[in-house]
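Next, two complexes with chain A in common: one pairs it with chain B, the other with chain C.
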Partner chain A sequence: MKAVEVTGLTVALDDGSVIVDDVSFSLESGQVMGLVGESGSGKSTVGLALLGFAKKGANIVGGKVVVGDVDLLSLAPNDLREARKKLIGFVPQDPATALNPAMRIGTQLTEGLIGDKKENLPRIREVLETVGLPSDDAFLRRHPQELSGGQQQRVAIAMAVAKKPKLIVFDEPTTGLDVSTQARVLEMVAQLCADNGMAAVFVSHDLAVVGTVGDLVTVMYAGKILETGTHEEVLQSAAHPYSIALLDSVPSTRQRLALVAIPGRAPAPGTKFDGCVFADRCGFVEDRCREAPPPMVATSAGGEARCIRVDHVRKNRTGQVKEPLRLVEGREEKTSVLSVRNLNASYGRSQVLYDISFDVAPGECVGVVGESGSGKTTMSRCLIGLHEDQTGGFEMNGEPLPPRLRDRSKAIKQQMQYVFQNPYGSLNPRETIATAVMVPLRHFYGDRGKAARTKAQEALERVEIPWRLADRYPAELSGGQRQRVAIARALACNPSLLICDEVTSGLDVSVQASVVELLRSLQDDGLSMIFITHNLAVVRSIGDRVVVLSQGRVVESGAVESVLNGPQHPYTRGLLADTLDVDRPDSETSDLTG
Partner chain B sequence: MAIETTTTDGAVKAAPTPDRSRRTALAWLIARRALMGLVTLWCISVIVFVATQTMPGDVAKIILGPSATADQVAQLNKNLGLDQPLFSQYWDWLRNVLTGNMGNSLVSGQPVSELLSERIFNSATLTVMAMVLILPLSLLVGLLAAVFRDKLLDRSYLGVSLIVTATPDFVLGSLVVALFGTVVFKVLPPVSLIPPGDAPWQHPQELVMPLAVMVLVGVTYLSRLVRVSFIDVMESEYVQLAMLKGLSMRRILFRHALPNALAPSIPAASIMAAYTIAGSVVIEYLFAYPGIGSALVDAVAGHDLPMIQAIIMLMAAAFFCFNQLADVLGTLNKSR
Partner chain C sequence: MIRTRPTEQGVQAPPQNLTRRVLTSKQTRLGLIMLVTMILFAIIGPFLTPHSPTAVIAKPYASPGDGLLLGADSLGRDIVSRILSGGINLTWMGIAATAGGVILGTAIGLVAAFAGGIVDTLLMRVVDVLLTFPTIIMAILFISMVGPSRWILVVLVAIGLTPGMARVMRGAARPVMRREHVMWARTIGLSSRHILMREVLPSVTSPLMVEIGLRLMWSVVGLASLSFLGFGVQPPDADWGLMVSENKDGLAIQPLAVLIPAACVALFTIGGNLFAEGAARVIGRTEGARS
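After this line comes the complex of A and B, so read on.
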């Protein structure tokens, strides 16, 4: 008997628009299914619906969710609550907001279990040890905010596992984590499911993550399943054009590949389609794709895909060969846009940066890599002059550069531009995007009115934001578009150095691809860049040289090729080993072929 | 502002001894605020002094009545020290206050402290009783409104509370008096005269109406804040996770939501207490309740400067303390 059987699951908003459309799948005990898709694909809604839960404003309108032998959706509210308690565990995306700040961890761990606290404590201690956390009373008495992000996520996992559920749902549990913490958490998830015979659904936007953890992979788009199959079937020989496009947008640590973004943007939830939901963005589209919704058909690899041209797509896909990209070479060692010498920085009494030194050549992209707490954001704030508690020397084009922003001349401020991590916070929500881009133009060049609008238009078009969006507000744009606007605002100043602080980490993988490709094209125009990230695969795609930071010190630096092909420092090796990669068929290092 | 930053930063940065540094920062915060309070009180005393000088009418004339001769008035002014220059009048008053002497009432000649002690007790009783009722009621009403959000109960509650908040206290008081005291039902005494020497709770009937008005005004305001923070908390991810864990609604409401919803309401409750003290002037006067509020109205009518000064100082100090308490509680809440 199947552990989990989902048939025809449909979720609609209060206004009737369907956000999850006829989703069916089944899982055996101990099997892990990765559910992958972009933001708005309905993957998290499916995850919640597996517990018979829908967010405010949405309702489960049809289908069956059978876990063990219980049909969840037919239960009365009280029985459903009992079923959730016994049968299903849920691991939330962001444990920092999903654990109650006012309750001790011990209480939160025991409260969901049947029986009283004393009986359950031994079980809780056992589970905490399994997930690699301390299990003493002192730890149980802590509040969530006294733990690190990784520890919080482990507590959330322990909470879901402790009741020995038949099914466990992971809702993007590693999105906010460092690569190394993520690698450990994923390994743990796979182990726990195998050991306890639990079926699991693992929701993520990252194919590399899903490929690591899932036995089965299901790809969702616009509320529909577009492709499903085993891990190998989907990742090695994807058959649906959308799955292929998603795979092409994942950066690799092994090869410097051009990342291919998916054209257009994901449809808003509830959009109605006559034919195939992906037709508008598909490279293989034909007229008949738009006529009727395609059925799921078996692919030659063994999975199923919702595409009428499966065989054609597969044949033509394998013909594609990816050319590794060239690096910026022959740079003149003498000149550098920015040199950093012996930079030390601290917060109060605690020092966070020790003797950082590096150079940025014209047209070069220096990737700065490190985990959270490595000091990489403090470093970028020092460079731009926002962090005042620092010593050391900067030179810009051979001239000394004052460390504090207020001591820097207008010309220098204009030459160094900064793009923040979070495009939701860095754009003023009450300004249209055209205004956002025009503010620095007025400040640096005194451009107003028509002149400013023309320049703003150029800047926006350079980042591929059409001018007709100019009078929209940031809230009306997608995350990727907002990040492009933030980049356009920096470009409008005509800088010689762009500092990008984790600009892609809040974005979906497919959107990340488009932003990375955009930045690369700017580099071709001679712009120098400092690209701060925790993801080595992204550095491989865009960086010319890399600086690896650990606990405030540079542990390794050099050309991207040499550092990533032959890392010298154990920290870099560890980081590289923990960075997930998709085993792609066209990757030369992969020994499996589709 | 600067003080608050040090508290939060102190808690974050000095990792080895978070407790100690937080405590020192808090002690500093309280000390700075206390000093600020004294300066505020001094400023208020100057403003009140200047304001009383510009009031129309002459104290001596008011005391002696319309038939007094000019000589009598001048004599009395001299006795009261009102012929002195303004600055020295103020200086005398300030010196006395700093040595603990609030002066004598100009009208009755008795020491201000003696006249006020019973009044302070009466007012404090009324305010404390009001707050004791307001806090749990606001919590209950706010919680119910949040649970039945957008249902009929919630909507009608919002409508009523809006009307009550928009109506001035004395209008509300007059309506209550007309309804229960004079015109319609006549079940309660329309005035709350507490005989001198009696404690207010010996006359429960007299307390009902002033308390009712204070509680009505307080609860409609505070419960709306509770409602909003409760709704925020109920939509939080930890409440969603609690639902997904299969916990009972009762446990979710009282263990998961309530403690978190309470935190932002506590500073508001403290400010509420400050407003209750200030608002008592109108209520006490309306019901002729013998507290400091009605004493203030009498003192202003009689140009009784030492009384006015003493009462306003007292109210300002209480108002300031509760406001500061709200700030401190808010800061503690934030740094947690």
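After this line comes the complex of A and C, so read on.
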């Protein structure tokens, strides 16, 4: 008897476009299934549909969701609510909004349980201990905002687990957490499910996370399951071209690999396809792929994939093993593009940066790594001059650089360019992207009209944005495209130093890969870069040197190879140990350099 | 220790979609129809008057009939003609006062939000002081000193609208100042004027539109009240507010002379309010995820 059985689940929008198409899977109790996919793949919609719920504007139009022996979708609204209460737990993405800020932890935890508060308290304490939180009365009396993000997420998990449901749905529960917190939460999730005999569906966009926590891995794309199997089957010997491409786009902390982006753009939810949903972006596509939707086919590794060329793909895949990229060695230039000496910065009375010093050589990419709260964004704002409460010395190409923006000359402003983290905010929503790129051209070079348009076209083409998109507004572009436009706008200024603040953290892995590769190609053209990120794997794939920040201090710095292969500082070691990596086939990891 | 992953925000529609989105709501459509009807009525009305609005042609408070559709007012003038020609002053003065108040208030609000620090504090304290003066009382004070003039009225009402407008626009602009595209514009050293006009102003158009609607209504009510109190449009000119005050003594004999102009002002402002509030709600719903 399966604990959870989903057959033919279909969710459509009000206008009839199908966003989740015929999804079926089943889970034994105690099993965790990782459901992975990029934005818009329908993975969260599936997660919600398991509760018999669809967001406003969407409806579950077909299929069966059987949890225990209850068919959720056939129940009347009131019975469904009762069934959810007993059978299903849900852990949402953002714990800060999932918990009621006006209610004490103890009240929130007991609220959803059957019976009164007193009866349930022992169970609550027991669960809190299993999730690694204190269970004393003082803790139960606290309010959510008095807890850290990791603790809040544990409380949310405890809420879901306390009633011993048959199924728990985790909707990207670790996306907002630091790597070290994430590692601990994931470990706990796997343990909890195994110990309590609960089945779990773990929705995530992160392959490494899914690979860590899931017994089974299911890959979704455009509302369909493309591949499913145990995590070894899917992650180590992926059979579907999409899974393979997705794996290729994930950076590794262990070696510097070229990241391969998936060509094209993910289809908008509800797009109709005659044949295979991935055909337009697939490297193995044939005419018959476009004729009829492919069925799920058993692969030789043991899983199932929705691809008619599974065997062919598997055979030819071995030819694609990637060689680690070599680092560019021996830069001889004496003057650094930027040198930072003893930078201290504070917000009011609290100091956030202490004695930061480092240099950026021409053509070099310096990765600045740290967890949230380490001061890395403040540091980058200091460099560009947006943060004024700072002391320290800057030199640019040997010349002293004034710390405050208003004291900097136009030439300096042109040479240093900043790309922001949030692609949704960095472009003016009321301006077409061509105008966005032309603004700095006019400002720095006085280019107008045709000259400006030609230059803007060059800049956009350099970041692979076709000119026909030039008159679109940012809202009409995807996150990755917007980030490229932001980079194009910086490039239009012809800078010598580009400061990238977490530019890839809001993007899907395949899009991240394309942005990282774009930045690498710019570096080949001689552009220096400061790349700020929390992701060690990204630094590994793009950085030449790395500066590790912790609580406002540089704890370690040096060449990427030496720091990441032999970290000296305990903080770096911890960070490396907690960073999850996708298990790769041995042919790729065997040539690990020591 | 929360790192928020920037989420796809609700589609930020370019301005041309705004009108369409706003008009999907029944309330805003009704409000817009009322508002447009009243404005057209006020503009075309003066050309359709059967009699001169100032000519005495009947007994005071004459009942309807005898060629006069609604009867006569306190001085025996035709009510229909006075109503038809009594809206135009209110309309143009209302629009002019709103335009003045909105432009001035928006400029102050944006500058305060952009400059921050001491400039912000100073401007906002001045605005706070201005807010404590009730518009009507201030207008009465000035009119009693310099005598009634329509342009002075417009300026006074505009000044009365400014502080509230400045406050709202500062509030709307402050989150925009922290947006990346504004910060980027600062890092490349674009002029403050460019940043305010090209980066910030377009991003606050939605609240701005709603405010324009609301302020227009406030100035219409304010101007009508001033006329009622005798500080606005002066007799013998026709004006809805003035008509209410002229004919209030004859309310029992000839109620139409009071009720109809009052209803005109009410329709005008209720229509405007329905529209502005409905628009605000639609905008709040569709752009609420932002900022």
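Criterion: the second predicted complex is superposed on the first by the 581 of 594 C-alpha atoms of A that agree within 3 Å, B and C clash if a C-alpha of one lies under 4 Å from a C-alpha of the other, contacts with A are read in each partner's own complex, and residues count from 1 in each chain.
Quick note on the criterion: a residue touches a chain if its C-beta (ideal position, glycine included) is under 8 Å from a C-beta of that chain, and two chains touch if they have at least 3 such contacts.
What you see is a predicted model, and the numbers here were worked out from it, not measured in a lab.
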Practice problem: In the superposition on chain A, see if there is space for chain B and chain C together, and answer fit or clash. | Solution: clash
Self-check item: chain B versus chain C as contact partner of A:149, first or second or both or neither
Solution: second
Practice problem: For A:425, decide between first (touching chain B), second (touching chain C), both and neither. | Solution: second
Quiz item: Of chain B and chain C, which one contacts the greater number of residues in chain A?
Solution: C
Quiz item: Is A:349 in contact with chain B, with chain C, with both, or with neither (first, second, both, neither)?
Solution: first
Quiz item: Once the shared chain is lined up, is A:51 touching chain B (first), chain C (second), both, or neither of them?
Solution: first
Exercise. Please work out whether A:103 is in contact with chain B alone, chain C alone, both, or neither, and reply first, second, both or neither.
Key: first
Quiz item: Touch check for A:479: first (chain B), second (chain C), both, or neither?
Solution: second
Quiz prompt | Interface residues of chain A shared between complexes with chain B and chain C | solution = 94
Practice problem: In the complex, go through chain A and note every residue touching chain B. | Solution: 48, 51, 53, 55-56, 81-86, 88, 90, 92, 94, 97-103, 111-112, 145, 156, 159, 347-350
Quiz item: Can you list the chain C residues touching chain A in their complex?
Solution: 1-6, 8-9, 11-15, 179-181, 183-190, 198-199, 202-203, 205
Quiz prompt | chain A residues within the chain C interface of the complex | solution = 39, 94, 96, 148-150, 175-178, 181, 371-373, 384-386, 405, 408, 410, 413-414, 416-418, 420-431, 439-440, 443-444, 473-475, 479, 486, 489, 493, 505-506, 534
Quiz prompt | Contacting residues of chain B [partner chain A, same complex] | solution = 9, 13-15, 235-238, 240-248, 251, 255-256, 259-260, 263, 336
